[in-house]
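Take a look at the structure set out below.
We just call them A, B, C and D in the order they show up, numbering each chain from 1.
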Amino acid sequence: MPLRKKLNSKIRIDKNTGFGSNSSSYGGRFITKNGNANVRKTGVSFFDSISWYHTMITIPRWKFLFIVFLFYFTINFVFASIYFILGVEHLNGITALSRLDKFGQAYFFSVQTYTTVGYGHISPKGFLTSSVAAIEALLGLLSFAIATGLLYGRFSKPKAHVLFSKNAIIAPYQGRTALMLRISPYKNTNLSEAEVKITLGMHIEENGVITNKFFTLDLEMNKVNALTLSWTLVHPITEDSPLYGFKEKEYKNTIGELIVFTKMFDDMYSTNVVRRTSYTFEEIIYGAKFAPMFTRSEDDSKTVLHIDRLNLFERVNL
Amino acid sequence: MPLRKKLNSKIRIDKNTGFGSNSSSYGGRFITKNGNANVRKTGVSFFDSISWYHTMITIPRWKFLFIVFLFYFTINFVFASIYFILGVEHLNGITALSRLDKFGQAYFFSVQTYTTVGYGHISPKGFLTSSVAAIEALLGLLSFAIATGLLYGRFSKPKAHVLFSKNAIIAPYQGRTALMLRISPYKNTNLSEAEVKITLGMHIEENGVITNKFFTLDLEMNKVNALTLSWTLVHPITEDSPLYGFKEKEYKNTIGELIVFTKMFDDMYSTNVVRRTSYTFEEIIYGAKFAPMFTRSEDDSKTVLHIDRLNLFERVNL
Amino acid sequence: MPLRKKLNSKIRIDKNTGFGSNSSSYGGRFITKNGNANVRKTGVSFFDSISWYHTMITIPRWKFLFIVFLFYFTINFVFASIYFILGVEHLNGITALSRLDKFGQAYFFSVQTYTTVGYGHISPKGFLTSSVAAIEALLGLLSFAIATGLLYGRFSKPKAHVLFSKNAIIAPYQGRTALMLRISPYKNTNLSEAEVKITLGMHIEENGVITNKFFTLDLEMNKVNALTLSWTLVHPITEDSPLYGFKEKEYKNTIGELIVFTKMFDDMYSTNVVRRTSYTFEEIIYGAKFAPMFTRSEDDSKTVLHIDRLNLFERVNL
Amino acid sequence: MPLRKKLNSKIRIDKNTGFGSNSSSYGGRFITKNGNANVRKTGVSFFDSISWYHTMITIPRWKFLFIVFLFYFTINFVFASIYFILGVEHLNGITALSRLDKFGQAYFFSVQTYTTVGYGHISPKGFLTSSVAAIEALLGLLSFAIATGLLYGRFSKPKAHVLFSKNAIIAPYQGRTALMLRISPYKNTNLSEAEVKITLGMHIEENGVITNKFFTLDLEMNKVNALTLSWTLVHPITEDSPLYGFKEKEYKNTIGELIVFTKMFDDMYSTNVVRRTSYTFEEIIYGAKFAPMFTRSEDDSKTVLHIDRLNLFERVNL
């Protein structure tokens, strides 16, 4: 159900979200929960539409390892076939009698060449087979450069090690209400100069036409020098907020979402890292208060941050 | 044909383009279509004028692989020659009788040493040959460091995965006209904080002298938080535009070009990436309107971006 | 003992330190001497709370090498066990007679496969053992990618090569006093565009409640173009300083600390590097003057920077 | 000879150069010609004063390769000694009779293990020797990680590929004079967003005391969007310049230097790169005019940049 109410003219409309205003192109969600744009690209060939680097860095670990194993198996199969076709009599040390066993030994010779293990109990003989082995050893080194580079790249890739509260809440705040959500570091990292930007996208009916409108939500504080403990992001709902006047019903019925963008500097990576997430209106809890997340350690020597309380809130009446 | 008309004094002249104002040094194009400066450097030795890293990272893949193969072939040839000259009797396991076959076996021994495969059916004997093999193994490891580093470097190099529309257009816009062009992401990347700067370079006759003049074109919006869908860059042609008063004839006859510079942050690379392109006046279509590029998916769950419509426009009369 | 005095209203309170104002959660120190937040995170599983990359990059060298050796020993033990269980009769070249010796030879065969040395005096025979060896060689290459990547990552990791004086001092300064501390480069690096931010955190009693309050300390100069010699950071204690009116007694009794954050550009790494440290009130010397740190070289051709004088000061009466 | 004249009060004194004002610590030059601070650090142990990464990345290529070879030779000598002491009877395939030859064969076995070539004509026998070989293979892989990482690191290190004119000149400029120097790219790189900062350091006598004073020189233009052609840096010598009123004699007699700092973005490295240089007063030519550096190519399709004319100037009378 699109929103019909008149918006205060002082509200900061955000025109540069990278999304269009044409609501008919809106497909349910602008940004997925884990921060990717909910967009499908067509009209470009599969290979052009894929950045292999991005894909290999982001796919789950088991998929990555599966691809590596499959590639390893396949390339050795190809080279084993070449050695077999050239004739295993050009391989010293082949002891097999059956064709299958001969192929098997050619296969393991290929493995030993490709990985540069080179035990040598099987070795190439003659110009052709030796040349194929020379090429295979080179290809092995080159392709392991990509595979091992990617493996380490996945391991060392700069990531923003922060968690967001599952819900955003509408909480009492200084005699009014405010939209709040929480963000927290959860690993052994030093994060500094953290910034947050929250954009609200909503379906709004203007002159009978439903359009996507985007608003920048002003935050009480949008930058901290160090992200050491949890950080509660507070958007006070004043007259200048696009959420002004919203009651439980409006939060229920509006189609739209909060797009949260964070950027911070990670000491270890020595670079800026970013994270995005989104909250649909169903994920906004009307009338709630976050519980405190940090306490003092028993021996009084440290602050203790309870990550499992990140989304802990109690219901309150507004 | 140089432009003769008087320019409005409020137009923003851009003095820091990195190009001179002396039109006699202008060679047809400031920036090539794929964004490199159209400049040839002389007066410096070939080796000093080349950054090998830049060259090896940017040359086409087939050239890169060809160079790697050629180097591999050549260095092994050199070492094979050394082993041959030292005498193949210092290699255990040489079975060849003819000189050519002996060289061949020395060659494959070199390969097996250089790649550290080391089957061992041929192995070095005596101090000199063993020493050469020791040096070759070291050189192999060192040179593969460069080759495999470059291969992975090419694969993982930060690039701006965006496309530009082939043409810029002059389109109707809010009762006037505007210069427009489109940019779109086309791969599975998250691009944020995208910025664009458009500079117009033209031959202009001032007091009878033709000079290169550069102008910064004001854009309706020159920054978006996220480059998720296509982005139409709009330069409204007002009185303060250097294109003010241009009719079809002027667009046809003026010598000059639009230089487009974009910069954005890629989440995966965690760094800023840049792209440049240029449009000569011949590439500007006078009287056209871009067709929409994105629609809603059939199951209503995603926005669909049609990359193949990036340069799709229809002719209109201005 | 919390501070009770009224603070000047012009003092710049810093709300975005990343620490809360609730003094009951303060555990002795906000930031440890070497710059990490003094926070313990709970409520998240051990594996989720650890960024392995951060951990492996920051642990001491001996721990890192110990982990690598232990892993190397263990994985070879696992593969040796597999070869042993499959039967050492599937390994050519096993000469051992006792079970222990057989396991030992299987172990060294595993090592030679895992490292891709592959002498070949022991080699796999039969499909199963050959397959295990093929997988081990692949795993060897992949795991060495992580190990050697980390080793080089530790070696090449951007770090801010600067030292801080052990103490901050309260020194006479332009007819008043000033809080001073020193920072100095100490390695063969070129550091430019160095910035410093000093935050003072104190326990303060307001209306009978003790809270953490944070203040930004204004520095005489908070940025230098190049960090070439030592740099004395000077916070003049004027009426607008939160330290105004503090005498020796207050410095002794106040609970709190100075949090120092520096950021600079290192030419070699081509990136910004950061360092943090902190000074508790016990580490502030009341009444002292830093001794000069640099002199002219004897042959008059260089400035000499005496790193060992970084914390050198003489006592003065204020 | 220190300068005695009164300086205009509007001159911008630069206090944050990272150099002190105490002239007695000035040792001939602040910044060497190739941009390093002319400072020696003492009072810290040799190992603490060296960043090995910085050193290994910046030393000349021949020194780097020499260190790698020396290390390779030495570590194999150490392991050869261990094998020799343990007894070469624990190495299969040793054919030598004399002690020296036995050591030689142990040495080459070490090489073959360390590089993981592992021909296998010599192979370890027994627990102890096999264990040492296992450790050597691991150390080989780890140390080659450092060596090859550094080699590629040297190759791919972001560098600012720009040249400075050897001299700065005092040239006629708009009815006055100006200090000028030139900077030019000279490799196949795309440099954008280039910035320059020029600081003038001089010995000045104030109230009978000689001090180092630093001044920021205002440039006609201190930023260009793209560094495509040569760029002439122009500091007009107006009343507000610290060089105002300087004649040939002052340029000859003043002790001091221009410190030039440049920063630019290199597309390929996707990062900012910096360069520094300096000009002493002896390197400033009084009365000169730079010759043009770029022309149009004969076929009119490119601008040609003559790098060898970077320092080309003709003498003029001022």
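The rule we apply is simple: a residue touches a chain if its C-beta (ideal position, glycine included) is under 8 Å from a C-beta of that chain, and two chains touch if they have at least 3 such contacts.
What you see is a predicted model; the values in this text were computed from it and never measured.
Of all the chains, the one whose CA centre sits at the greatest distance from that of subunit A is D. In this structure subunit C contacts its sequence twin subunit D using mostly different residue numbers, the overlap staying below half.
For the interfaces B-C and A-B, the C-beta contact count is higher for A-B.
One rotation lays the C-alpha atoms of subunit B on subunit D, and its angle is 90 degrees to the nearest 5.
Subunit B has its Cα centroid 27 Å from the Cα centroid of subunit A. With centres taken as mean Cα positions, subunit C sits 38 Å from subunit B.
Counting partner chains per residue, subunit B has residues 112, 116-120, 144, 149, 271 touching two or more of them. By the touch criterion stated above, subunit D contacts subunit C in their complex at residues 14-20, 22, 24-30, 35-44, 48-55, 57-58, 92, 112-113, 116-120, 122-124, 127, 130, 133-134, 137-138, 140-142, 144-146, 149-150, 153, 157-158, 197, 199, 261, 269, 271-274, 276. Within the complex formed with subunit B, the residues of subunit C that make contact are 116, 118-120. Residues 68-69, 72, 76, 104, 108, 111-112, 115-121, 144, 147-149, 151-152, 155-156, 161, 185-190, 192, 194, 221, 223-229, 231, 265, 267-268, 270-271, 292, 294-297, 300-309 of subunit B are the ones touching subunit A in the complex.
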